[in-house]
Amino acid sequence: MNTLGNKLKVTVFGQSHAPAIGCVVDGLPAGFAPDMERLSAFMARRAPGQNAWSTNRKENDIPEILSGLVEGRTCGAPVAAVIRNSDQHSRDYSGLQRTPRPSHADYTAVIKYGGNYDIRGGGQFSGRLTAPLCFAGALALQLLEQRGITVAAHIAQIEGVFDSAPDFASIARTELEALLKKPFPVFSDDAGMRMRQAIEAARLDADSVGGVIRCFALGLPAGIGEPMFGGVENRLAAALFGIPAVRGVSFGTGFAAAGMRGSEHNDPFVMDGDRVSARTNHAGGVLGGITSGLPLVVNIAVKPTASIAKEQETVDLEKKESIRLVIHGRHDPCIVPRAVPVAEAVTALTVLDMLLE
Amino acid sequence: MNTLGNKLKVTVFGQSHAPAIGCVVDGLPAGFAPDMERLSAFMARRAPGQNAWSTNRKENDIPEILSGLVEGRTCGAPVAAVIRNSDQHSRDYSGLQRTPRPSHADYTAVIKYGGNYDIRGGGQFSGRLTAPLCFAGALALQLLEQRGITVAAHIAQIEGVFDSAPDFASIARTELEALLKKPFPVFSDDAGMRMRQAIEAARLDADSVGGVIRCFALGLPAGIGEPMFGGVENRLAAALFGIPAVRGVSFGTGFAAAGMRGSEHNDPFVMDGDRVSARTNHAGGVLGGITSGLPLVVNIAVKPTASIAKEQETVDLEKKESIRLVIHGRHDPCIVPRAVPVAEAVTALTVLDMLLE
Amino acid sequence: MNTLGNKLKVTVFGQSHAPAIGCVVDGLPAGFAPDMERLSAFMARRAPGQNAWSTNRKENDIPEILSGLVEGRTCGAPVAAVIRNSDQHSRDYSGLQRTPRPSHADYTAVIKYGGNYDIRGGGQFSGRLTAPLCFAGALALQLLEQRGITVAAHIAQIEGVFDSAPDFASIARTELEALLKKPFPVFSDDAGMRMRQAIEAARLDADSVGGVIRCFALGLPAGIGEPMFGGVENRLAAALFGIPAVRGVSFGTGFAAAGMRGSEHNDPFVMDGDRVSARTNHAGGVLGGITSGLPLVVNIAVKPTASIAKEQETVDLEKKESIRLVIHGRHDPCIVPRAVPVAEAVTALTVLDMLLE
Amino acid sequence: MNTLGNKLKVTVFGQSHAPAIGCVVDGLPAGFAPDMERLSAFMARRAPGQNAWSTNRKENDIPEILSGLVEGRTCGAPVAAVIRNSDQHSRDYSGLQRTPRPSHADYTAVIKYGGNYDIRGGGQFSGRLTAPLCFAGALALQLLEQRGITVAAHIAQIEGVFDSAPDFASIARTELEALLKKPFPVFSDDAGMRMRQAIEAARLDADSVGGVIRCFALGLPAGIGEPMFGGVENRLAAALFGIPAVRGVSFGTGFAAAGMRGSEHNDPFVMDGDRVSARTNHAGGVLGGITSGLPLVVNIAVKPTASIAKEQETVDLEKKESIRLVIHGRHDPCIVPRAVPVAEAVTALTVLDMLLE
């Protein structure tokens, strides 16, 4: 349900308008001293209110760590962190239980939980719940870094605009590190500019746009993962679909592989000095569920933000009749940029979990 | 690892050239009398050797049921089934441990399991292991049918050829039932013909092609699934990536949602008599991880068969040098048609598991 | 690790001297309005400082609920609760990492977590972590009560003093309710008096005593539980050994069954009106891992408090030599009375989890 | 349900009178060459028909290995083994669904599974299902031996007769090895003789007796196990209650700890050369759920065989009235001696699972 992982378990709690959100991270190695400044910087990448493309909601997302650290080091006990909710405009959501917002979880949550479902701000389905995921992910990212593993993502697509794609077989760590420093992480700054224009155009149009995030993990040893249902793909997909608005997960060349021939898609093995490598990496670093030592490449499709300012059609669940709905409040015209660190966080947590197993 | 499900657990075992393959299905409701004829017919859809597009390997896949049935009815004990391996050409595979086949699990398996890995026929990574999955899935499909749920898939794409797509919001049960009767399940017979031509062209070219399978589940009640990591998407993706050669999983409009605007992608709720429905179903029947009562739509990208007759490049792991490799033996030029019942089986098992929880 | 349950998951966090302890309870049915007054009363039964037999540590254990409730009712989101730690005397524990206290987890924790282990007050192994378990258990107890199920425990033994045992086959709900109202829950008040004398004698002797808790669950439907590894015994034992100081778990007649003959131990079925019952209940309400509808009876052996004021022998892990150790601080001469509500809580959580599955 | 373990998973299937019983062992390290002769010898210790105290049912329990081995070595794929059922007297059990045998799972199974439950020979609840557990356990025992770990059990009690107890802190490997060679494993041969007399007396009396098995694991490293719900006790208890007829599980001094004072029960740490040891081992080798490096000691209470030849009282579930029942067929007057290798098997599987994690 709200718990991710086997050996490294993250349990997320909270609702958008509850007193707090937070998480419990169980299974971190003892003796790890997280760099809190970098943790905050990572979480800030997800935080809203800082850019043209994100909601104005002001979050003061300072996590309070309640347990698991002694003098700044993990002690073996679970690390619990709490983020208080402060800037809540609950009145914006009144009546929504009767008139579910299209493509939100309102309707299915009311079916599942009945009238007690917390619809304010999307309740437990709110994108705000990704803040504790980023807290946990930031810890995982630092631990991976200590093991020589870098996780970073770029915005591969926004609406009709595509970023340039790196060579999956030979992407360099420096390329990923450059990505991590950009407020809008793309390889092609020109594509990035056009993406931001597409977002702005949607916003001005009281609309929203979707996109694709592509996440890399560099430095993973070969041999991680299990066959069949325990593979890297199974585990990563199960985790990444936990991010709100994710509609698809694919690896390497992904759905484009469907249009290819074997002679084109197969990755010929080659020697890279003493190391086995491959000429191409359509596989995205995973064969038979097990890492090959090549860069891990996972693509994540994100739908356009469901909350748009345009008038929409829905039903009144009590009167059982159609009505017109206008959603008020503050909403991102595109969730993709803020979802980038979330994708990195979830990838890092899953990869670290598999490494610790 | 080799076990799928929570309440309904399927454990798969075997290797391509072991004495047998099989599965244990634990958690089936007691008192269920499987229709063995229909079970055989379902398994035959996956079996090779029957069509132009599949390998000539002759499988006599008659599962022997070892436990779990009393006078043809489930008794509460796990149902164990064994399929003997008979038609094995082990000599075709000698030496492959040193020269891993591109885009197969040979290399990663050797890294993980060392020299003891059973490389004959792909060992435990062989597509043959999907036969017991189909056995288990056939049971699940019959149980779902008793609950008014139909699961069926079509071949949505082969290489560059696309099948017509039905209306995700209003696809009829009769359309799915028609699909289930076709040896090559497509909505457009014309597209199907061109798909088969593409497969045949690849075969003549000593090559292979990939494709996309789209699976539907009709009749699912609203309210199934859990938020965050327990959603229908998480569970289905984790299961479907267990099918060999799957490279991507998406729901409803999937990756195409990335190119859309919210006003276009959002599914307006409408009343369908007394029932809440939606004008479109880009969501594929799942909102916030929970079923909406609309048809479940999941897309599965399948890579081109890795085993091709064309000469390929790989490395000799002992000599650490490049070599040319020609793969002998019998291989499907396209795995997609035979993967269709496997996708239905895995979808059915996952959906039934979530219903039983 | 620190998570209990399948469908109803409780994740516990904190250390004795961390800023806080707490828990996340995931999977509670939506729409449940916990009675907070009764919840507090239940938690007070575990709290220290109120009786002659417990430590003087003053805990102000008011849990703050951070999420999961809307207007006092569960909304489907996890319920997270935090209890601040205030009354900490950390100086009492300095140096203990080098000189592990006999029969505490100090030594094994240092082996497992290294020098980063939080030894203050027993860290994450502290009995204080049972406070959030009681919070979660109190919710479960109220939900069970709504289903007509009563869980209550008595102190069956303290050192050499034994309480009278009720008839396991016919114990009445009123007997259990009477138990729940007693500050020192025994059936025989005379035995209770002698037990308290034994505790007091141990305290005056700078020593401690152990005991046995026997917990009942009345009103459970027949048919709950799974065979083999999913039985009620398996699940309850796995949970109850999570309570610090528990050394044994048995059901019904328990270890005494080893000394009996079948003709004596077998429980003859009898009709109780229209209901199937049994003349005796040596089985403790479970046959083959599945509830029989008779009262569930589980016995829990609790060792004497490891912290005693008497001088003890231990080793200096650095110098690798024997030393004499005197443990300062406040400690219960007998943990059993305060462990009674914890046993009830863990039993209730496990039983409710199995009912929800 | 019928699956044990996390990293090393054993799935058991079959019923007493199904075509076969068996198991799937997933997660064994690759490259392990099991000694099949020793495996058979181990399984023979559990097999019936060989001693005065066991049923005459003749089992020819030769497991057929269907997968997971290549040239006698594990290859990473699950090891599946099947044991055919041959010597079945199904007619002995007719009508038992209406007249549940006291202290058997008949009644609870009928409640859970309805009329489809396989009552022949106890169905899936039959002690016969421990044969595949012994198969899996024999593999685990050999793997543990390679790691310097010895697991062996003695019969600590039969009815009123007690074996002598070794010193838990200093029991020697040679003592355990001697135990493993005895057909009736006790430390005191005199006690063993009186135990056998007690069993024979019960048999002549058309009755049965229970007992206690005490299992040791020697050579376990310190630091294995997790706190709270992931402890060695939790894991072992959850596993051991999967053995039919087990009514209690305790560690070290177990329930007797309840009668002791802290000064008596606490185990003073001492140096044993450079190694930390303890003067006594009342804890049974586990502190806070984590191994201390001292011998692991677990006690298992086994009830008297429920099937006795004496006439008993039960009910007719259809007529809802009391009746007299005489159970025919062949039954052990005491299950304890044959349960000894089962206890060793389950202990070994659990300990190896925790080591592999």
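Letters A, B, C and D mark the chains in the order given here, with residues in each chain numbered from 1 onward.
Going forward, contacts are C-beta pairs under 8 Å (C-beta built on N, C-alpha and C of every residue); 3 or more make two chains touch, one makes a residue touch a chain.
A quick note: this is a predicted structure, and the numbers were derived from the prediction, not measured.
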Selected interface, B-C versus A-C, where C-beta contact pairs are more numerous: A-C
Distance from chain C to chain A - Cα centre to Cα centre, in angstrom: 39
Euclidean distance of C-alpha centroids - chain A vs chain B, Å: 27
Distance from the mean Cα position of chain C to that of chain B, given in whole angstrom: 46
Residue list for chain B, restricted to those that touch at least two other chains: 1-3, 12, 76-77, 109, 112, 124, 227
Category of the chain touch graph - line, ring, star, complete, other: complete
Contacting residues of chain A [partner chain C, same complex]: 1-3, 9, 11-15, 18-22, 24, 26-27, 30-31, 64-70, 73-80, 82, 109, 112-118, 120, 123-124
Complex contact set, residues of chain C against chain B: 6-7, 76-77, 227, 357
Contact set on chain B toward chain A in their complex: 1-4, 12, 100, 102-105, 107-109, 111-112, 124-125, 129, 157, 159-160, 202, 205, 207-212, 222-223, 225-231, 233-235, 237-239, 241-242, 244, 246-255, 257-271, 274, 276, 278-279, 282-284, 286-293, 299, 301-308, 310, 312-315, 317, 320-322
